[in-house]
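One structure below.
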Amino acid sequence: MKNQNTVFFVRKEFAPSRPAPASTVGVLGWIRNNLFSTPFNSLLTVVVGGLGAWSIWGALDWLIFNAVWVGGNEACKANPNGACWTFIGTRFDQFVYGFYEKPERWRVDLVILVLFVGVFWTGWEKAPARRWAGGFMLILFPWIAWGMLYGGIFGLPIVETSQWGGFILTLVVSLIGIIVSLPLGILLALGRRSNMPIINSTCVFFIEFWRGVPLITILFMAAYVLPLFFPTGMNFDQLLRALIGFAFFAAAYMAEVVRGGLQSLDKGQYEAADSLGLSYWKSMRLIILPQALKAVIPGIVNTFIGLFKDTTLVLIIGLLDLLGMVHAAIADPNWSIRSVPTTGYAFVAITFFTFCYGMSRYSRFIEDKLNTGHQR
Amino acid sequence: MTERAATTSILNNSEFRRILYQLLIAALLIYLGWSIVENTIANMEARDIRTGFGFLNETAGFSIMMSLVPYEPGNTYGRVFIVGLLNTLLVAGVGVVLATIVGFLVGVMRLSQNWVVSHLANIYVEIFRNVPLLLQILFWYTAVLKPLPGPRQVFERNTEIYFGISNRGITGPEFILLENFSFTTWTILLGILFTIGMHRWSKHRQAATGQQFPVVFVGLGLIIGLPILIFLLSGAPIEFTPAKMGRFNLSGGITIIPEFLAVLLALALYTAAFIAEIVRAGIQAINYGQTEASRALGLRNGTTLKMVIIPQAMRIIIPPLTSQYLNLTKNSALAAAIAYPDLVATFAGTALNQNGQALETLAITMTVYLSLSLLTSAFMNWFNSRVKLVER
Amino acid sequence: MNTLPNPESRAQPVIQIQKMNKWFGQFHVLKEIDLEVVTGERIVICGPSGSGKSTLIRCINRLEEHQEGQIVVDGVELTNDLKHIEHVRREVGMVFQHFNLFPHLTVLENCTLAPIWVRKQPKAEAEATAMKYLERVKIPEQAEKYPGQLSGGQQQRVAIARSLCMQPRIMLFDEPTSALDPEMIKEVLDVMIELADTGMTMLVVTHEMGFARTVANRVIFMDDGQIIEQNKPEEFFNNPQSDRTKLFLSQILQH
């Protein structure tokens, strides 16, 4: 009886929830838990935080607070300890349009405008008629854009590709790479999964070859060897040659991403498609590919990011993309100032960072959405 | 009627279709290949381009600013190939080591509980992987290393230089190992052998008696500490010959050229950002329950890492890590942009421009990179099949 | 059969928890917990999900930190002192809902890892002990396999054997059968019942009321982060006092 009393217990008054001790929550608790939880952690906070703050402050100081924003090269010469943004300012048109003729530059502006509107329209989940926008951007826009830029249609005067340069060239190379690589990559991926030995081995060889060599050797190949492959007298301009090499390279990488998507699909999906009696192409188009591509959107976007960064390599074969333009402008003796090279590269770096980081955030966003889709 | 049925049936026969498709593709490929070969031959004749690999034995006639093997302009294109290949392997090899160190450090920092540390690591990763590598190479070269003051501003005339940095790169003394240095070499070798033995012995002893032995600390002492002691006791037998600053220029000493430094820094820091992500993902992929189970068993944090977390994380990390190493090696071809004399810059660049045999030169260059790729994927297949977790 | 230990040994409880409070951020997850456990006691903790029962037993081997009050295990108070924590973890075994076996090690290596690295046992001795416990959980023939090759019930039995290899004085079970298919629950419960017969001190968080009736000598009901009621099992099930307990039992015993 006594024993039972020691065991028996029933709570009559329920304890209310109390706020946590002040030292463990709120700003103080957060600081303690995240920054100073152990002596080693405190040391780390002080040392690493100090170094970090010092370098971030130094970068901001150089880029913004101490930078030269107005004036000419004299102003930059006078201030060696800050960025020389006036250099970018005076050369800005060249960095964007290259040597594209001035009166025709509205065409470039229009193409860029349509591009950005189209991309946002396609990327924004709730946009109306999103599919149509996507289809337009992938299928029609490239042709219209090329026509607008090159001319020869609608009575527009022709602007030779040798005059293209700067940011617009970067956009052209990356967009062609992206737009060609998707369909070609899908075909290669399907071919690689085919059970027909000739098709399969052709695709494997193609993919592994382009993925196995550095892009720069491909561009050299396109520049020096490709003309030999075509009948005498058939002449490509240099940009087109580079574009062919770049697009094949891009397609090989895209193929591997798409293959990942095809492999991730449940076998049941293939069996279900077969059991419906659909032909190969119909089942791929209606059932398999939509799912496979959706599953690898993050991978596709990451490939885009890689390709976008890789466009800079065209400068090695003499095409002046954004980086090439800036790199060339730095050599201008009028601007032979200590701060100019760093400013130029910082400008290009910020441009690329904005695009790549934006794309990677978007891909992360899609990834999170896809993940929750799987959980439910 | 019957005839039509027969035709439809053979066209719908899947086996027949398979063969037909493949024959069509094969025919297309053969036609393409044949016309390319024919066009190429015709074009080469028209442009008077020689063919064949005979050029490898001809004199190159140009100089190369950095070479690991003796080289002079009188050497052959074959020698140029060797020099370029070695320079590529050098920058890639050092780059891999550096990228691994920085990458693992940043990856672990990203997982730190410390808010400041993890966020700074994150900033590093985002900046370095979202800016094109070529830009980073040009930045280090054109904006950082080249604008450094020249030797004449840095060094006083007629002085001996043991260490210095100028726009000519890092200058240090040449060193000659004297005879007595062999003691130190032997100590290092013995230290390594002894540590391997000690590792085995300690494993056996732990199996037999359960006692543990601090192999790492003692091993470090044997491999690093003891040789230093021997080195000092034997009278520090290294002779340094410093570089000399003449009237206009540096002479003697060892110089690490800025081209090498720029490519190395850019490759290592860029790849480190990707490696950091791989390391973070690899460690995060391990269920927290593994750590909890290990702790509940009473294992210390160090042992938990060594026996539970790292073995599992490495299985996930090593395959993508290997492909990053391959990427780094392929990316080292960008060195051509600043004329670091790697394989692409010397052989597929200068040599190609001189002899005009683009097809052969590029074929050789691409074969080198393709072989490296194949080796890497062979390694990855082997590794994956070896460490695959056994499941039902 | 389920006699309580004599009052003398109650004077020296193996686990003492006094006025313990724990928060997750601002959420007050454990409130004013007072609990004493003596050697050989077998306690079942039940309650609705989110009542803090798992968190409570995870505080006992410091997988979770408490912010207020005192926890003394095996005469050692749990503080930030690593030596104390290591001591407690050596003496307290734990079995998890999701087994948490080490997938890269064989069953035998799972069992010998801690004895070798923590207890510093010779390998042969650790393996002999491991085989003994694997026999006790009736899977000695699986010793060389990897966890991925075993069924859920077998994995959980390995997890129990792995904990026992450290020869702990107390065993904590955190919903050991919740992740198992119905046909595998019995094989795990049978092992736990046999373990109880050896006199092991056990704290079990579970919804298996049959197990509580036959094995436990005390049942604790938790809700809203506090201990609402505790009693001997027959009293607890037949004559619950608190309204909350009644509600919970009516819900869980409906099936």
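Lettered A, B and C in written order, each chain numbered from 1.
Basically, a residue touches a chain if its C-beta (ideal position, glycine included) is under 8 Å from a C-beta of that chain, and two chains touch if they have at least 3 such contacts.
Keep in mind the model is a prediction, meaning the values are calculated, not measured.
Colleague: Taking touching chains as linked, do they make an open path (line), a single closed cycle (ring), a hub with spokes (star), an all-linked set (complete), or other?
Modeller: Shape of the chain contacts: complete, all pairs touching.
Colleague: Which pair wins on C-beta contacts, A-B or B-C?
Modeller: Higher C-beta contact count between the two pairs: A-B.
Colleague: Find the geometric centre of each of chain B and chain C from their Cα atoms only, then give the gap between the two centres in Å, rounded to an integer.
Modeller: Going by mean C-alpha positions, chain B sits 51 Å from chain C.
Colleague: Using mean C-alpha positions as chain centres, tell me how far chain A is from chain B in Å, no decimals.
Modeller: A distance of 25 Å separates the two centres.
Colleague: Help me check something: in the complex, which residues belonging to chain C touch chain A?
Modeller: 4, 7, 10, 21, 23, 25-26, 28, 31-32, 67-68, 218, 224-232, 235, 241-242, 245
Colleague: Taking the complex as given, what residues does chain C use to touch chain B?
Modeller: For this pair, the touching residues of chain C are 61, 63, 86, 89-90, 92-94, 96, 98, 100-104, 113-114, 116-126, 145-146, 148-150, 159, 162-163, 166.
Colleague: So in the complex, which bits of chain B are touching chain C?
Modeller: Contact set of chain B toward chain C: 206-212, 287, 289-290, 292-300, 303, 307-308, 311-312, 315, 389-392.
Colleague: In the complex, go through chain A and note every residue touching chain B.
Modeller: Listed in rising order, the residues are 33-35, 37, 41, 44-45, 48-49, 52, 56, 196-199, 202, 208-209, 211-214, 216-217, 220-221, 224-225, 227-232, 305, 309-310, 312-313, 315-316, 323, 327, 330, 338, 341-342, 344-345, 348-349, 352-353, 356-357, 360.
Colleague: Can you tell me which positions in chain A touch chain C when the two form their complex?
Modeller: Per the stated touch rule, the residues are 2-4, 6-11, 14-15, 17-21, 24-25.
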